[in-house]
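In what follows, subunit A forms one complex with subunit B and a second complex with subunit C.
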Partner chain A sequence: MKIDYRCSNPIKTTKPIDYSVYKNKKLSINGNGNNNINTSINTTVNSNNIKIQRINRSDEQLRQIFMKIGVVSQGSGSSYVEMGKTKVLCTIHGPRATQKTELFETAKLNCELKYTTFSSTTEKIEYVENSKEKDLSLLITQSIIGSIRLEKYPKTAIDIYILVLNDDGNVLVASITAATMALADAGVEMFDMVSSCSVSSTKDNRTLIDPTTSEETIPTSSTILVAKMPSLNEITQIIQTGELQYTNVLECVDLCIDGCDKIYSIMKQNLIDSLLQKQKEKEQQQQQQQ
Partner chain B sequence: MEAFQKIHPLEFYRKFLVRSVRPDGRSLDDIRKTTISTGSITTADGSSFVKMGNTSVVCGVRAEVGEKPSTDKSKISSYNVHENKNIFINIELGPICSNTFSSTKPSDIAMSLCSRLNSLINRLEIPETDYYFDEEGKALWYLYVDVYCLDYDGNIYDAAVLSIISALKNVKLPKGVIENNDEYYKDLESPQRKLKIQHYLIPLSFSVIDDYILADPSLDEEKLSSGTINITYNELNEICLLLSTGTSLISETNLKDCMKKAKERSSFIIDLINNSNVDK
Partner chain C sequence: MSQTTSTTNDIITPGQRLCKESDYISSEGTYIHKGYIYSSVLGFKHIIKRNINENTVNNNNNENENQVENNKDYIVVLKEREPGILPEIGSIVTVQVLRINPKLASVAILCVGTKALKETFNGVIRIQDVRATEIDKVEIYKSFRPGDIVLAQIISLGDSRSYYLSTAKNELGVVFAQSVAGSTMIPISWNTMQCPKTKTKEFRKVAKMDQDDDTTTDSKNE
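Right, the complex of A and B next:
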C-alpha cells in the first residue's frame, strides 16, 4: 500500500457552501422564484442563479495582465503571470541530461501543472496530481511543443513545472503564457513565442473574452481557446468545448486571435524591458567593482 | 574565481570566513532582507507570502467544517497524536522550487520539517471557542495550512514559520449556519471574524561551518555546514523551540550568542507581521 506521509485529519471535513444559494433555492421552491425571470440582455445566469455582469470591463476586454521573468533563483528559467486574480508561477529546469533521454535525438519536453490546495474556493484539491491537472499539462505541452527547437538539444530533457496559486478562471491561458515566458528566460531556442486567448460564449449570444471562474461555470456556455505563434502567423492549438454554431465558432476564433496578438505584444515588451533591466544591473555591478 | 568556488567550495568559503564576511557581502550575523505580505490570495481563507533573500514561500489556509471529535478515547485513531487538534500543517517542497525535489513523493526534508512545524504550531494557545462553526459549537472549523516553497535558497524553516504565523493571523472565518443537522453553509453577507492569536513566533536559524556560526544561511552555506541550530522565541522571550543538529559540537557561549541574536530580532519581526496586510 502506498502511504502518504503528509499530515492528515482523522475527522472528515467539508467545505461549507454559500448560504445565499440555500436561501435562493428555498425561495424558488416556495413559489417566490418569479424574481429570477427578470434577466436583461446584458446579464447571464449561472448555475447558482447568480447574474453575471462585468464590472469595469466590457465583454471584449482582457483583464489586467502582469508578468515578471526570473523570479526563481534555482531554476534555469522562471516566470510569474497574473491575469486579474489568476496567479501562476512557472519554473524551467534544463535542458539537462538525464539517463532516460540518453538515446533520444531530440530533447524531451515534460510539463507538470499543479494547483495549490487553497487555489479554489469550491473544489477540494488533493496533494497528488489528479486527472484534471494531467489533462491541462498535456494541453500546455501540445500548444508549446511546436515552438521549441527540440532538435538543438539532443539527449536532454526540458522540464516545465507550473504552480497555480490562485484560480480565477482562464488558468490554461495564463499557464501557456507563463511557460513560454519561462522558456524565453531560460534561453531555450524557439521559433516564436506562443500566446493564447480564450473566449466563453453563452446561450444568449454573449461572447466573453478572458472569462473568470463564475463565467466559465455557466452550464450552457461553450469555450474556445486558441494558441498561436503571432510572428509566424501559425496556430498551434484550437480547443473547443460545448455546443456552438459554425458561424459563431469562426467569430470566436477571430476574437481569440485578436486577443492573442494583444497578449503577445505585452509579452514581447516585458521581455525587452527585463533584458534592459538586467543590462543596467550588470553595468552597475561593473562600476562598483571598478 | 568561479572555478575555484565550484571545485573547492569549502576552501573558498574559509577564505571569506577568516575575514568575517560571506561571499554575498553579508557579515556573519547579517540576516537577508525579509518581507511579508498577507491576503494576496483571494481564494484562500487566509494567506501570506514571505521572502527572505531569494528564499520565498507562499502559505494558504483553507477552512473546512467537521464534527466535533468524540471524547471517547477508543474511537480516536492511533495516529492522531495531538488531541483536539484543529490546525494541520503541510509543507510542499516540489520541483518548482529546486531541481533536487521530485513531484511524486514528499522529500525527507519536507516530512521532518512538517512534523516539527506541527508540534510547534499546536502549542499556540488559541481558545477553543474560536473554532466554533456556529454559536453553540456543534461543529468546528478545521484549518488546513499549506506552505508551498517557491524558491529554495536555504533557511526554509524560518520562512515557513513566519509564513504560517502571519497567514493564521490573516485568517477570516465567515459566520456558519447549520441547516437540517448536517448541512453546513457559510453566510458571506455578515461580518467575518478573526482568530484570536496573541502570540508571535520569532524564528532564527544558524549554520555551523568549522568554528564559524552563520545566521540565516543560504543554500550554499547549508550544503557546506556540519550542523544547524534552529531557535524560535515567542514575543515574551520564551523559547518555543530549540534544535541543534549535525555532527559539530557547539559550545555553550556560542549557543548563548545565538539565542541573544534571535531575541534581538523579535521587535523587528513583530512589526513586520503587524504591517504585512496588503489591504490596508
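Right, the complex of A and C next:
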C-alpha cells in the first residue's frame, strides 16, 4: 500500500459524533414507520457494570440491513452495505492482468480493507494501514476465496477494495457481505454467495446476534463468526475470540447459521430486484429512443 | 450448429440450484456439483435447444448412451454484465510490438477478437512461431519492429509472465507499420512493405488481409 506521509498527521479539531442525539430521533422515525414494532428495551449488566441495551430489537434479531449494487462507476463491480450504523463500501477491480504471478493457472485474489479516519468514535485511525486492517483483509480473503471459480480466470488478479465508512460493530460480516455482492455485480463466476453472521456471548448467558461496537467490546464477552455458502451448505470460515463453553459454542454456531441464511435470502432478493430495475431502466431508455 | 431459442427468462443468482445433472447439459455460467447443476453468475436462465438434424445424424452413428446425451438441451445463465474479456487459447488478438531481440518479440495484447481490453496483457512471439514455413530461416528483426500492430493467435498460456502467441498463418502478421521516415507503409508482398514517402522497402511478416472486410473475425474465417 502506498503511504502518503504528508497525510498521516490527523486533524485534531474534529469531535467524535454523539450518536445519542440520533438515537432519540431514530426512535421517533421508527415509531412512525413501523407501528407494529413495540419499543422494547433489553438490558444486561456485565461484571464491569457496563449496561447493554437493545432498543427495538431482541437478542436474536439482526439489525436492519440495506444493500445496493453498482454504486461506483469505476471498477467492474461494486456494492454498499449498511447494517445498522455500520457502513461499508466495496469495489471489485478485475479480473485484470498481473505482472508477477507464481500460480498462473488460477486467478489471484487480493483484498484490501481500509477504515476511514472518521469511521470510529472510540479509536484513532491513521491513514497508514494498521495491523487490524491487515488481519481483517486476510480473514475476508479466506472467507470468500472458496466461493470464487478462480480457475476460470488464469493469469489474472481480482482485487477487492473495501472501505469502512462507519464502524458500529460487525464490520467483518458487513465486509464479507459487501464483497460477495460486489463480486456478483462484477459477474465474476462463483460457486455460491458467501453470507456470514456473528454472535457475541456475554458472561450472563446472553447471546447477542449481530453485535454493535458496545456489545463487541464488553471485556468478558466472546464472539463467534461463521461464514458459509448456504446453497451448497458449506462453511467457509469460523472465528472464535474469547472463552466459551463447548455447549455455548454449538449454540452460537447454530444461531450464526440461522443468521447466515437470513442474510443470504436478503442478498439474493436484493440482486434480483436490482437486476429487474436495470431491465426496467433499459426498457424505458429504448422507449425514449423510439 | 445449435439453435438458440430461449424458453424461460428467469433471473438467477450465483449458487442457485437449477436442475438435476441428467436434465440438461451444463454450459456457460453453470457448474455441476453432487449431481445437480448450479448457476455461477447473476443473470438470466436460458435453455438452448439442440438442432434436431444434428441429433439424428449423431444418433445413427453412436451408441444408446450417447443418444440420451444428444437429446438433452443446453442450460446457460447469461450474465447481465461481462467483467471484461480475457485472452483465451485459440483467440485472435491484436497486439503491439514493444521490444524485439533475436529470439522473440515481446508484445502487449490490446484487443481480443473485436473487443478492446481495459488493460494490456503481456505476450511473446517466439522465433519458431513467426511463420509456418522455413522456421529455421526466420529472423525476428526482419519480421517485426517495435511499434508494429500485429494480428496473432494465442497458442498457450505461456510462462508466468506472458502468453505465447503465433503468427504462423497467412492471415496473421503485421497489419500496420510505420517506416523509418514515419509514414504508414504499404504491403507489397508477404514479407516486404514499402514506404510511400521514401520508397524504401522494409521486411515484415505481413498479414494477408481480406480486401472487402478489415475486421479480425472475418479474416479468421477466410
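The definition used in the following text is that the second predicted complex is superposed on the first by the 238 of 290 C-alpha atoms of A that agree within 3 Å, B and C clash if a C-alpha of one lies under 4 Å from a C-alpha of the other, contacts with A are read in each partner's own complex, and residues count from 1 in each chain.
Methods note: contacts are C-beta pairs under 8 Å (C-beta built on N, C-alpha and C of every residue); 3 or more make two chains touch, one makes a residue touch a chain.
The structure presented is a predicted model; accordingly, all values stated were derived computationally and were not measured.
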First (subunit B), second (subunit C), both or neither touched by A:280: neither
Touched partner set for A:168, first subunit B, second subunit C, both or neither: first
Which of subunit B and subunit C A:232 touches, first, second, both or neither: second
Contacts of A:184 with subunit B and subunit C, given as first, second, both or neither: second
Which superposed partner A:134 touches (first subunit B, second subunit C, both, neither): neither
Which superposed partner A:116 touches (first subunit B, second subunit C, both, neither): first
Partner chain(s) touched by A:155 [first = subunit B, second = subunit C, both, neither]: second
Subunit C-contacting residues of subunit A that also contact subunit B: 96
Residues of subunit A that touch subunit C when the two form their complex: 76-77, 94-97, 99-102, 104-105, 147, 149, 153-156, 184-193, 229-232, 267-268, 271-272, 275-276, 278
Sites on subunit A touched by subunit B in the complex: 5-22, 71-75, 85, 87, 89, 91, 93, 96, 112, 114, 116-121, 127, 129, 159, 161-163, 165-168
Parts of subunit B lying in touch with subunit A, wherever the complex brings them together: 41-45, 47, 54, 58, 60-62, 64-67, 69, 76-77, 79-80, 88-90, 92, 94-99, 103, 106, 111, 114-115, 118, 133, 142, 144, 146, 148, 150-153, 174, 176-177, 179, 183-189, 219
Subunit C residues within the subunit A interface of the complex: 11, 13-17, 29, 31, 33, 38, 40-43, 79-84, 86, 117-122, 157, 159-161, 163
